[in-house]
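By written order: A, B, C and D. Residues from 1 in each chain.
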Amino acid sequence: MISSLITSFVVGGLICVVGQILMDVFKLTPAHTLSTLVVSGSILDGFGLYEPLIDFAGAGATIPITSFGNSLTHGALAEAEKHGLIGVLTGMFEVTSSGISAAIIFGVIGAFIFQNSKTTY
Amino acid sequence: MKNAIYILLLCFLTACSNEVNEAIYPENDSSEIKQVLNNYDSVKGYSSVTDKNDVLVAIDIRRMSRFNKEKIEKKISKKLEEKFPDKEVLVTSDLKIRWEVEKIIEQSMQEDEMTKSIKKIKSLSKEET
Amino acid sequence: MEQKQFDKIVDQQTPKTPLFVNMLKAFLVGGIICTIGQLITFFYIRFFPFTERTAANPTVATMVFIAMILTGTGLYKKISQIGGAGSAVPVTGFGNAVISASIEHKPEGYVLGIGGNMFKLAGSVIVFGVVSAFFVALIKTILVKLGVVSW
Amino acid sequence: MVNTYGTIQFMAKPSIASTGVVVGPVEKESSFAEEFDEILPLENEKDETFERANTRFIEKACEVTIRKAHEQMENIDVFIGGDLINQLSPTNFAARQLSIPFLGVFSACASSMESVILGSLLLESGNARSVIAGASSHHPAVERQFRYPLEYGSQKPGTAQWTVTAAGYALLQKQAKNAPIITHATIGRVVDGGQTDPLHMGAAMAPAARDTIERHLTNTNSRMADYDVIMTGDLGKIGLSILKEMFQDEDSGVILQDAGAQFYGEKSFYNAGASGAGCSAAVFFSYVYNQLKNGVFNRVLLVATGALLSPLTFQQGETIPCIAHAIECRMEKRG
């Protein structure tokens, strides 16, 4: 268990370091950085490399935004395997909805609960 | 300072994988499973339960071999299927399933109860992400 | 004054980004967030009927929930100032982008404000995730049909 | 009124009769905090939008200004002001409340000096007797328009500046008693230094500041050493050092100062310092004005700098054009 925690720390941290390099060296905005990482996650899954990384690092690979691209691709590929080309379109959100739906729901709840009026910085 | 952190991390990574845990239940037909599993260096521990229809093996794969987790699972399950042609074999390294299997062993369940648990475990493992 | 000369002055006077320090901070903050995620995964595996694979979903949802609390209380932007990409890259950063935008646009009403602006920062992530997933999956499917690679 | 190559010389001695500076809660950390007329405890009141709060700051600053001069709102002929929000809505809305004939101006953070120049011209031409002029900015309102949502975590680089919450207004009257007079003004040209980073405004604005200062010095036939201080608006710490480097003048080291660089002192939280239309207005109309009145300064050049970008233009990859307006103030020796 402890080794799982350490690998997720190291792998998750390293993915974030890649993001920091994109931001600092290539001068990308946060939105550009995240989009780049999502695209690379989906490409890695195309080569079948991201799932082994999840097996290895657990949350270290599922928590960074790269896993979002991975699971979109994974859903599309799983569906394509069953139903052919049309599955590429239909399977996309089969696996990943939890991140998006959680963000939408907690976004609305957060807007209800919290006020944007704090002055302590 | 920073190098020290890395060295510490590496130590942790390697040091934590020494305890070996082998448990087979019920013990009477253990030899064959043992034979198969002991051939794999990447498997550092396992617990297994068997009833009249199923063979359930939960393996603990070494950290660095986890990249090939799926391949290892498939290989072992193929080998075991050869040994138990009349039973359904499930080999997995999933933590949840290992915990469930260990629970069966700890409580030394009776045949009926065990069959029920095994059914539950199998349906768990079939769930897609 | 010539442009070149001016660019040189700007270059001289602008402090360099402390790349190594920033990378180390991103590593630590990102690593800690992922470790917390791993602990939550263990929690779901232990006490709920989730396997390692299926526990990822409730873990992500829980992380977004934590991001909501931190965003609403104003802590997330403080973490981000230290962590940089370390707090932006994990799914909590995605949550922070969505939740901060929706809190921000509450005065403009629930439909046009919250509904319309919620994804103004995070939308591009979804768009590019879906588009790239489509093309990757399309290419791979075609390659499989052609017999170049297998699933 | 004489205009030589863009520098206006005022003959009718327009003067700053009184000033009013109202700032937000964060600004009590400012090194000028004691000079401000009023520090409000909240950025916005409950259920009040930030834009509405910005309007309230402007109204309050105008009231303070007029009260300090013992004037009546009805006697003011023109209200000139600007801010950073789209369509100048906060200032427009404040004008609705004040019901004084109104001119809205925009040159980003240089709006404060632009409105003072226009006000002085109205006095000079005899078309007004009392003009209230100034500018304001409101941190949360500006931040959400130009950058990210307030609670969004984005790492700010060391070159970033903090938009202040402040409204600074001044009452301009001809030959007011014991008040600094505005002798010259230089209207800025839009200068583009080819900078594209919206989080490094100092570098973008420095060429505009240099252009205006240099033209002012040439046109008035003076040297830097003739001034007690030449204060720029909101170049920030890095922008100021770039400006000093551009001048290579032995006097520039001490005489060139920057309101934004000094606003929050050395606190690293604010990175390169303060910015925003309210920054130059607040410092010029409190600290500099008081120093003039007390006779510490006799001749100052105030240069407000503004970056004329919008969130769209920098996303479209345009460079950031900038402008700087300057006024020269003198305190006549009391006789």
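Heads up, the rule we're going with is that a contact is a pair of C-beta atoms (placed from the backbone, for glycine too) under 8 Å apart; a residue touches a chain by one contact, two chains touch by 3 or more.
Chain labels with UniProt names: A = Stage V sporulation protein AE; B = Sporulation protein; C = Stage V sporulation protein AC; D = Stage V sporulation protein AD.
Bear in mind the structure is a predicted one, so any value in this text is a computation, not a measurement.
When the C-beta pairs in contact are tallied for A-C and for C-D, the bigger tally goes to A-C.
In terms of their C-alpha centroids, the spacing between chain A and chain C amounts to 7 Å. Chain centres here are Cα means. That of chain B (Sporulation protein) falls 34 Å from that of chain C.
Chain centres here are Cα means. That of chain B (Sporulation protein) falls 71 Å from that of chain D.
Touching of two or more other chains is recorded for residues 17, 22, 42, 52, 56-57, 71-72, 74, 83-85, 88, 93, 97, 99, 101, 103-105, 121 of chain C. Multi-chain contact residues of chain A (touching two or more other chains): 10, 23, 30, 115-116.
Multi-chain contact residues of chain B (Sporulation protein), defined as those touching 2 or more other chains: 128-129.
Under the contact rule defined at the top, the touching pairs of chains are A-B, A-C, A-D, B-C, C-D. Note for the complex: chain C touches chain D at residues 1, 3, 6-7, 9-10, 12-15, 17, 22, 71-72, 74, 76-81, 83-85, 87-88, 93, 96-97, 99-101, 103-105, 107, 121. Across the complex, chain B (Sporulation protein) meets chain C through its residues 2, 94-97, 99, 124-125, 127-129. Chain D makes touch with chain A in their complex at residues 24-26, 41-44, 46, 48, 140, 150-151, 154-155, 197, 269.
Residues 1, 4-5, 8-25, 30-31, 33-35, 37-39, 41-43, 45-46, 54, 58-60, 62-69, 72-73, 75-77, 80-81, 84-85, 87-89, 91-92, 98-104, 106-111, 113-116, 118, 120 of chain A are the ones touching chain C in the complex. Those residues of chain A that touch chain D in the shared complex are 23, 27, 30, 115-117, 119, 121.
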